[in-house]
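Presented below is the structure to which this report refers.
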Amino acid sequence: MGELKLVRRQRERLGDQLYGQILERIIAGELREGDKLPSENQICQAFSVSRPTVREALMRLHADGLVTTRQGSGTFVKKRPSDQLTRLVSVSDIAGMLRCLEVRIGLEGQAASLAAQRRSVPEMERILEALATLRASFTDEAVPALADYAFHRAVAKASGNAFFAELLEMLSGPIQGAMGVALGLTRAGSKERARRVIEEHEAIAEAIEAGDAEAAGLAMRYHLNRSRQRVTDGQRDL
Amino acid sequence: MGELKLVRRQRERLGDQLYGQILERIIAGELREGDKLPSENQICQAFSVSRPTVREALMRLHADGLVTTRQGSGTFVKKRPSDQLTRLVSVSDIAGMLRCLEVRIGLEGQAASLAAQRRSVPEMERILEALATLRASFTDEAVPALADYAFHRAVAKASGNAFFAELLEMLSGPIQGAMGVALGLTRAGSKERARRVIEEHEAIAEAIEAGDAEAAGLAMRYHLNRSRQRVTDGQRDL
Amino acid sequence: MGELKLVRRQRERLGDQLYGQILERIIAGELREGDKLPSENQICQAFSVSRPTVREALMRLHADGLVTTRQGSGTFVKKRPSDQLTRLVSVSDIAGMLRCLEVRIGLEGQAASLAAQRRSVPEMERILEALATLRASFTDEAVPALADYAFHRAVAKASGNAFFAELLEMLSGPIQGAMGVALGLTRAGSKERARRVIEEHEAIAEAIEAGDAEAAGLAMRYHLNRSRQRVTDGQRDL
Amino acid sequence: MGELKLVRRQRERLGDQLYGQILERIIAGELREGDKLPSENQICQAFSVSRPTVREALMRLHADGLVTTRQGSGTFVKKRPSDQLTRLVSVSDIAGMLRCLEVRIGLEGQAASLAAQRRSVPEMERILEALATLRASFTDEAVPALADYAFHRAVAKASGNAFFAELLEMLSGPIQGAMGVALGLTRAGSKERARRVIEEHEAIAEAIEAGDAEAAGLAMRYHLNRSRQRVTDGQRDL
């Protein structure tokens, strides 16, 4: 990895660029599972970046479950995103998808709690309809990403606060892109994955229907957190 | 239900007693799924208790998913805990089990977040061993409740704060009782339930291993919240 | 209140419209502190709306601390927003301000946690500069709303995820409007209020500087929650 | 610091022992504000402990706000607990106090949320009485620690779940010890500190009275988090 320079792009954080370029090497197979990454010092020098930039990139790789740190011996590649994922999207899209899910955890967690307290009867019906469509779309020829987005929009609307649905709308591009990829992987992947995705949505809908604000917020944040892990993990059923 | 008086017991909250006595009627089949409960006023008079006491009991039944409120038309029985559950434990035990899980959500959620930040290598190994034992105990003749408790104790110990394990120890009686019942139901119930219980523990262990404090706290609280729902819901696979 | 009909507006939730119209009566002094509101049934009939709509409006008035429920005897006006507030903004703006703060709790709470984990040295400096400007603007002739917004934007940027700052930007209209009003009240109000506003920002900055993700998220959500209460409470120092 | 060996004690985590012994050096003035700590490697060798043990001790010092890390240049002493604190308690007591507060954040945060949903009228009165006593005890000759503990016990009881009060009771020794010290510092310290302590309790009581579960949990966790910082920070008004 040492012979490479950071290709600097305008208007993008250095930490993000470095993250993307290490991720590219993992995807390309230049860095394989179990391989040790260069030390922080070596990365600083190889890419001509400061230590905080290196730490930020490593922290993000860590949070995405791509590398692991064994105390006292360094940082190692933990897993490689699936070939399916890397055929479907570019590296910068993967970073964008993960970033988008991070925002949604705060935003939609709050919306789900409020929906449990305020949803009207027709709003609850729309949530359940979207859930039924999502369930069907895994067996049909339908497109799960649309049903998935419809579910999350229905929850946002049921919060009784129009700002939630509006902000979600602004994220709809990256969200639907990410869902398309994640659910594409899920369908290609296995029945196990599809089952888990459906169960997570069911837990959200149940908690909203029961009027349990704490459980609804928890179920939504748990689902988005797991989705984040599913993006980078093609090997296993999450 | 109107002809019954509240049998008052010493040292127990009136709201709890009323909760228990309505739950008994649901379990005994005197109140069936879909039946409408008397109005708040009628319950006040029938049991000679104040309105806040009635509200507390109803709120608890609601939180436990046993009744549902249709706005403008009243409160209805939503489901009956399974016969298996009611054969295994008394009504006051069910209330105790639910109460105990409520405390654990706060306590163990915090412990899991700290464990993600502080667990040593041997502590992580003990968590993974307990997970393996739990997984095996569903197929073997082993006792899942012991393995389950061992898992939660291992997480508490990995928090690096001895108070968490000590408080958990103080709750060990009700916890193991509840686990015995819940896992008994799970084994009797279906493979689906067992799978879900195992998956929830896996998500906790993974987040602790990845050092992700937010995900670990979330996964623990989600698991305990779902366990709470499993206690009162024998019909479905939760 | 009974003689009034709900003036229906397009594209606005009925519950919001009802909320606004009851709030107007409180502000206008038609409903005074301690006055009992009509029953849910009476409101349904007076405004020709369904019971869920009435409940939603009442729940919101409750959450805003404007009414209180005494169990068994009904809903009462708890306090009247200050004259200052009602001179400064229209009722629909007050509702918008509260709604905007509700979204920010989820969004900025998450951003503050991430900022504690990822902020670079220059990002931390910008947070501290904004804090210093905010502190000065209460004594100077400066405009606190600009400094306040600059502080929150600096935290969002330090999250290392550009979506947070972008979404905040989209809310900048209502946010700055609300800050102008709230801080206007604060300056007009008392030194106590100004001190509290500054202290809350200090707690956020300290936690981010210390790298404590949990404390940073907590401090941000606590601050926005208190801000919400300050909007409707002109009498006391919050 | 290099010439010292870790005095190993039975039954106490190595990380805790190391934490305590570095803390002792800070308190004794052997390590002063701004001083650089030895590197992880040097500490490993000086105390004959493993690197994870060193990291755990450093992380705890960091979380307690006693040291700070400047990326790329090492770990530095940030502040020294006040002389008052160190006159009042031994080092192991300080560690115990911090540990106890950490548990209470999870436990009492949950209890406060439930209290907001379930407190009866007499339970709310007891919370407000304890608040009034606490307020008075800062001006009187009374003992704030007793009033403080009474407040927290009243909130736990209002949760409607007896386990919360029982677990709090089990922690009452360390809690009252810690409160005695913290409030002792507060009285000795300044009016500013006393004011803040009272305000934090007021925010908890208000949210419980308003029935706002989210705000109540948030206010309680914020208060305990700030208390944690007050223990080690004698210089400033927190």
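Per-chain residue numbering starts at 1, and chain names A, B, C and D are given in the order in which the chains are listed.
Keep in mind that, in the parts below, contacts are C-beta pairs under 8 Å (C-beta built on N, C-alpha and C of every residue); 3 or more make two chains touch, one makes a residue touch a chain.
These are the chains along with the protein names UniProt gives them: A, B, C, D = FadR family transcriptional regulator.
Quick caveat: nothing in here was measured; it's all calculated off a predicted structure.
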{"item": "Residue-number overlap at the subunit B/subunit C interface, same or different (half cut)", "value": "same"}
{"item": "Per Cα centroids, the chain farthest from subunit D", "value": "A"}
{"item": "Of A-D and A-C, whichever chain pair has more C-beta contact pairs", "value": "A-C"}
{"item": "Whole-Å gap between the CA centroids of subunit A and subunit B", "value": "30"}
{"item": "Rounded Å distance between subunit A and subunit D, as computed from the means of their C-alpha atoms", "value": "36"}
{"item": "CA centroid of subunit A to CA centroid of subunit C, Å", "value": "30"}
{"item": "Where subunit D touches two or more other chains, by residue", "value": "52, 71, 121, 214"}
{"item": "Subunit C-touching residues of subunit D, taken from the complex the two chains share", "value": "62-63, 65, 68-69, 71, 121, 196, 199, 203, 206, 210-212, 214-215, 218-219, 221-222, 225-226, 229"}
{"item": "Subunit A partner contacts - residues on subunit D that touch it in the complex", "value": "50-52, 55, 71-72, 113, 213-214"}
{"item": "Partner subunit D, residues of subunit B touching it in the complex", "value": "13, 15-16, 52-53, 56, 59-60, 99-100, 102-103, 105-111, 114, 117-118, 120-121, 160-164, 166-167, 170-171"}
